Amino acid sequence: MASFTHGNITIEVDEDGFMAQPEKWNNEVALALASTEGVTALSEDHWKLVNYLRDYYTKFGVAPMIRKLCKETGFPLKTVYDLFPSGPAKGACKVAGLPKPTGCV
Amino acid sequence: MAEPTKKRVTDIGPPHYKKFLPPVILANYGKWKYHEIPRPGVLMHVSESGDKLYSVRAASPRIVAIDTVRMFADLADKYCGGFLRFTSRNNVEFLLTEDKNIDPLIADLTAAGYPVGGTANSISNIVHTQGWIHCHSAATDASGIVKSVMDEMTQHFTKMELPGKLRIALACCLNMCGAVHCSDIAILGIHRKAPQVQHDKVKAMCEIPSAVASCPNAAVRPAVVDGVQSIEILEEKCMYCANCYTVCPALPLNNPETDGVAIWVGGKVSNARSEPRFSKLAVPYLPNNPPRWPEVVDTVKKIVEVWAANARKYERMGDWIDRIGWPRFFKLAGIEFQKQHIDDFKHAGLTFKRSMHLRYDKE
Amino acid sequence: MARKPTPKLDQLEKGPWPSFVREIKKRADKNATCADLLGVLEKSYEERVGHWKHGGIVGVFGYGGGVIGRYSDVPEEFPGVAHFHTVRVNQPAGWFYTSAALRTLCDIWDRHGSGLLNMHGSTGDIIFLGTSTEHLEPIFEELTQAGFDLGGSGSDLRTPSCCCGEARCEWACYDTMAFCQEMTMHFQDELHRPAFPYKFKIKAAGCPNDCVASIARADLSVIGTWRDCIEIDQAEVAKHAAKGNDIVKDVVMNCPGKCLSWDGKALTVVQEDCKHCMHCINAMPKAVRPGKERGAALLLGSKAPIMEGALLSSVLVPFIKMEPPYDDIKALLEAIWEVWSEDGKNRERVGEFIQRVGMGNFLDAIGLDPDPSMVAHPRENPYVFYDLGGNGKE
Amino acid sequence: MAEPTKKRVTDIGPPHYKKFLPPVILANYGKWKYHEIPRPGVLMHVSESGDKLYSVRAASPRIVAIDTVRMFADLADKYCGGFLRFTSRNNVEFLLTEDKNIDPLIADLTAAGYPVGGTANSISNIVHTQGWIHCHSAATDASGIVKSVMDEMTQHFTKMELPGKLRIALACCLNMCGAVHCSDIAILGIHRKAPQVQHDKVKAMCEIPSAVASCPNAAVRPAVVDGVQSIEILEEKCMYCANCYTVCPALPLNNPETDGVAIWVGGKVSNARSEPRFSKLAVPYLPNNPPRWPEVVDTVKKIVEVWAANARKYERMGDWIDRIGWPRFFKLAGIEFQKQHIDDFKHAGLTFKRSMHLRYDKE
Amino acid sequence: MARKPTPKLDQLEKGPWPSFVREIKKRADKNATCADLLGVLEKSYEERVGHWKHGGIVGVFGYGGGVIGRYSDVPEEFPGVAHFHTVRVNQPAGWFYTSAALRTLCDIWDRHGSGLLNMHGSTGDIIFLGTSTEHLEPIFEELTQAGFDLGGSGSDLRTPSCCCGEARCEWACYDTMAFCQEMTMHFQDELHRPAFPYKFKIKAAGCPNDCVASIARADLSVIGTWRDCIEIDQAEVAKHAAKGNDIVKDVVMNCPGKCLSWDGKALTVVQEDCKHCMHCINAMPKAVRPGKERGAALLLGSKAPIMEGALLSSVLVPFIKMEPPYDDIKALLEAIWEVWSEDGKNRERVGEFIQRVGMGNFLDAIGLDPDPSMVAHPRENPYVFYDLGGNGKE
Amino acid sequence: MASFTHGNITIEVDEDGFMAQPEKWNNEVALALASTEGVTALSEDHWKLVNYLRDYYTKFGVAPMIRKLCKETGFPLKTVYDLFPSGPAKGACKVAGLPKPTGCV
């Protein structure tokens, strides 16, 4: 398990940079994680996405399917990639502190 | 990760194929009239215009070093203006217009260790997957078995003396990358023990509902173990498909003692004569015995031999078995028919023999 | 490079078939990744188990797929393969190359990875086998500069592939390569940015011989065929007979439509009984050819076993003219994706989806009429749904 | 109920068949050598011994009055020593040794309204069930349709001019008493509306868990309605099989407006040439139109005619359709192919056309 | 008897086929039940719906089955059919009768019921159609005195039935009637006192023509066959040819084993390819006959659609000699019943049971070895169970 | 709906003599119902069977399968018929006040 430091916080992550202890997630952690995915600041839109992901995950125990995510946040997929250049799975989910999406690659 | 670089463009797609076609193809595109196979590994396509294109097909291990690819490029430059292609079964084909270049090219390829063949009624390359070289799912290796089996089959690649085409494929797990499920002979990596749940990791690494939903047999259930949210596997309902592992890394099921290989026969995809169909289980389990998997090699060899000796012209493996019946196939191939051969999944009943069309061997 | 002894693997250098071990060894001296790949593989051969961790999610900016992340579970022992990602490079249609193009690819891969590749992956991509995360962006940049792009992975449109078709085959009933290229270019977004419930594959074969096995491994299988009569050149048939081919035994008796007959002079066919299987054509090149009214059938839904058991694709459109830019097929695909994306479950392939919701309902949803060619036979069970509303009057 | 009577014995089983066999059969039991069919409805069995047995087969409506049975008994006494039998398709057979008695017997039977025939390549009696005469489950009547259809088919019973045997069967509901599911033509009573739950009766009349378990499609759920334990039916999952009604009388689903008849074709049970197989859906729905069900009669007639005109010698309905393909069957029979024809139950996918073996009609 | 007008039913008296309406009318004047049956049926024809209440459970002492209770839902309107039970009388094997026996049955039924009967019910019984509860014991007493007994109903062994077999057919490969009789007598308790999870039917056919449709509607289908070669009388084949039969087209081309050939003089067969389908035998009586080594195959599990879809029976024992008193078959049946009764669910037929628990497990439980003749083909899916215990070593 | 009287109680029954209001079942009713099925007195064994049926039904909402009934009461099927001549379904279940067995006839 690696760890990395951003500002004054240190986060345990796996090789892909996903949190090892997701229970430690908070807004600052999110910002730190974002920095690893080409995102320097978290705008309102970023937060909207991140919060949606977290809410959904808390409620259902899974990440939403992309179509649902776009529909319910109102962001077209293009915008999601604009916000998180490495995409909803690798980018947004990571920043939101969700488990690493698996399976279909 | 670094910042996106400046020179980057996206969504350009692959280069247009026309850039890569030799002049003879550009000139005769869509105008081919017929083909002949003058010798194993060589196709001669003749156009309505009278133009001829020779394709020389050489074996490839699929996993190739750039050194080899550069060597292929050199040969293409030497013999055919730099034009070559790869086939859907991962062979390499050199596209010639000069028939005098055929023999020297074949000589060079053979010398370099890349035999020429695979055309018409032969065994072509084994379609296969990653195995222990690259995949986390592998219940067996891919390349090692392929090499070991093909070492015994090379004479069926370089000659065209079989009753029909024979396609062998290998997949290192039930995901079956490469669609081995419709092959004359399929070699399949299998597990035989249920996943071992790593209860401490489930919550952080897995979406529990996804893991539960992933099981074809409803063997995965959410459970609280030692106070943490986790998963339990009903072992008696598990048939080791590993789909739960695919979605949840905390459910590993690789096991050196019980993993191994199953052999399947009689599938095909072409529509020639009979319809496409799935391969059926011939041997439920053979052990992983690297580096040369002798049990697997022997079994495949035996099946090929018995087919080659008994099938009629054009009869693919499955057509042949259809004609002689499964009981005789098992007898001829010397394979014991076991409980595992009888389907017990969702459509099992449809595979039972529901008629009196029975054959009896002479005593 | 220094490398551990590999007595087991060494045994696989022997024998007539090209050796993958030799391929790896070709680079093991120049490349630490290859050296350690041999090492970890030998370890797997000894222990009879793989040494890769589960999954891995890496990629390039702006794309959701195209790279498979892979990490060793023994990175200390074999640091050269601590990261061992693969990059899927979209192949040119039909897998045609020039030597120059191949050298360009080799050079990029020489600079940024193991120098091992799969020509090709099962889906059709060029697979760059083994690199580490920091090389991904540079590889991508250099590839795109050279005119190449990444293929699919994840829940997206996967890299379409096709047989050589009209480029090199007299039986191609449509231009498979043009079609494959057009689909690939038109659906770049679907290919690079996963947004489906699961993967979706397109494979294009020029005739029912199906040399890309599309019916077994493509969510959309586009298979060429003709709807009029096979063309018979009687003189050439006679030549086949003269060469000693037993026309009755080899051809007539093998015809699944039971529609051929041969009287020693002429081969005749009952057109409407022909099943378009290709056998007579295959058996007598030059003498028999597909008819003139050519096009393709569209079949939907094949896939590997998991979860409900493997599927072959099934007929959706029994015949369609293949006319670039294939707007009709694009529209149909979009309708299918719309319905499937809306109601499909996570990791449910379109073939499974159709079985779950029912083919009839699926057809309603995408706006196609039922056709008896879609079924091997009509239903056997009497479990038929109706929706007769209130008092049940129709 | 009364006390058990005194003279009662139990478990004696049926009388031994030997008591009922004519002397010619007792003498030649197991020694028959061959048979011929000298004329429709008459079988001549010849023994190794040279003895001959003539069987004269007459149609029966299956539901018979004792008056008729006594009349049969009288005819048997008159022509064949009192020996007769019934067939597995409910025809009556008189067992003669005197060939001179054949014609008079046939004359008597015909005069009484019981035509002779049903042998070899003919249409035999329609196997059928109770319908509105006796069963609570019936979605249609049995005897009325049978009579109406057979009135149109009688000439195929009394002659032997069809390509092969043609077996018609009718079941008045999906329980399919009589196994109509393997008939050349099957006529099946069907419902098309979900059961109406009688909430006030469920608790007293039904085992709720049994009702829930009875549904093939999991459309039945326990529910509390207006404070009483009852059942709810998920209408969109119900396909009207009536199995829940079978176990729970409080779930009736007979409905004069929506009940009716479906027509199935191409099944068989014999193993001759092709294997036994199920009938397939030809017409999803025809209305209940008593007393003569003209829509049903016309449809059956059309199918029989089109088969008779096009099938080859020995080709049963299903074999014929196999040869020409379903698309052409639908075209020839003038039946519209609809959504309902496509299976959507458990094994549906296995009925999809998963090959390129396609036929195209000439335009 | 007074009866209501039946204009609709009257239309069914016309036409060449024997009329069930006429049958009922034959008795309607003498019997109130028949008169009201016509009435209630006319009502059904008018309203297009049946008029019977659900179920009914009546019977005779000491038996759990044999009578189907039935009550009218309009008893006030048609009191004659207020009760309308049927009595299932076990037919003699092969449905052979003497006129005397038939008259005895008619007399009993005349005294105690409607005088209408089904000759026969689908399972095989003589059905006495329509009586009331108080007649049941008397009917039973009179029947048994006359040597008849009741058949099955409910979750019991149902009345076995068989084709006429050796009594009247040259192709019978075993004595179906003897077998049917022996099973019926041996299992009287199972027949009369329901103790299974659901019904269990036995049907016996003498050869693969299966003239009792046993493969479609018997939990145990016993179908005669032979395991050696068909017997060919070449002289008789020649006669068939002389009569104008096209031996190649009619016989050879229709042979599913593709094992026949005819050179104009002799018909030859490749014995081990013969599928025992009966066609050549059917097509040329006298000329071709089943072989000498005769017996039967045992097939298990056919049934009507509900719930999982209809089933045909599937091969359990590909060949068995049929030797009275058939102790081997009785023992096998008892083993099957034991396993099924122990683990079967309520209303689960044995065919469904096997599919649920898996054929392999079922074979284990009844102690039979797997045989490739049991399957149309081995499994296609890779979902194979193992039970390797602790550390997984076998 | 018919009714019948036994001693001084009157019971509503359907055509087959099964109780229309099973909630009114009690020991006397049982005795009355038994009288319609050829049973004049209820012995201990009768009660054992009746009680087993009622307990099972109360617990599972269904009547037990016959094999289970025999196994758990220890009565061979023959004995069940000796106790209730019209059998477990028509006889014993009726006396025990269970709903009329349906289905398989």
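Observations on the model:
Order of writing sets the chain letters: A, B, C, D, E and F. Residues in each chain are counted from 1.
Rule of thumb we're sticking to: contacts are C-beta pairs under 8 Å (C-beta built on N, C-alpha and C of every residue); 3 or more make two chains touch, one makes a residue touch a chain.
Predicted model, so just to flag it, every value in this text is computed and none were measured.
Shared contact partners of subunit C and subunit D comprise B, E. Any chain touching subunit B that also touches subunit C appears here: A, D, E.
Residues touching across the subunit B and subunit D pair largely coincide in numbering: over half of the numbers involved belong to both copies. Among the other chains, the CA centroid farthest from that of subunit B is the one of F. Placing every chain at the mean of its C-alpha atoms, the farthest one from subunit E is found to be A. Rounded to whole angstrom, the centroid-to-centroid distance between subunit C and subunit E, based on C-alpha atoms, equals 50 Å.
With centres taken as mean Cα positions, subunit F sits 65 Å from subunit B.
Centre to centre, using the average C-alpha position, subunit D and subunit E are separated by 12 Å. Counting partner chains per residue, subunit F has residues 38, 62, 85-86, 100, 102-103 touching two or more of them. Along subunit E, residues 53-55, 61-63, 189, 208, 210, 215, 256, 275-277, 305, 308-310, 312, 346-347, 380-383 each make contact with two or more other chains. For subunit B, residues touching at least two other chains, in rising order: 1, 4, 174, 176, 181, 210, 216, 241, 246-247, 249, 255, 271, 275-276, 278, 345-347, 350, 354-357. Each chain pair that touches appears in this list: A-B, A-C, B-C, B-D, B-E, C-D, C-E, D-E, D-F, E-F. On the subunit B side of its complex with subunit E, the touching residues are 174, 176, 181, 188, 190, 192-193, 216-217, 239-241, 255, 257-258, 262, 266, 278-282, 284-285, 323-324, 326-330, 337-345, 348-362. Against subunit D, the residues of subunit C that register as touching in their complex are 208, 210, 215, 223, 225, 227-228, 256-258, 271-277, 297, 299, 308, 311-315, 318-319, 351, 354-355, 358-361, 363-364, 370-386, 388, 391-393. For subunit F in complex with subunit D, the residues that touch the partner chain are 19-22, 36-38, 60-63, 85-86, 99-100, 102-103. Chain contact summary for the complex, subunit F toward subunit E: residues 15-16, 18, 38, 62, 65-67, 70, 77, 81, 85-90, 100-105. Note for the complex: subunit B touches subunit C at residues 1-2, 4-5, 7-17, 19-21, 25, 29-30, 32-36, 45, 53, 55, 59-70, 72-74, 76-77, 82-88, 90, 92, 95, 113-115, 127, 129, 131-136, 138, 141, 143-144, 146-148, 150-151, 153-154, 174-179, 181-182, 210, 213-216, 241, 243, 245-247, 249, 252, 254-256, 259, 269-278, 288, 290-292, 313-314, 345-347.
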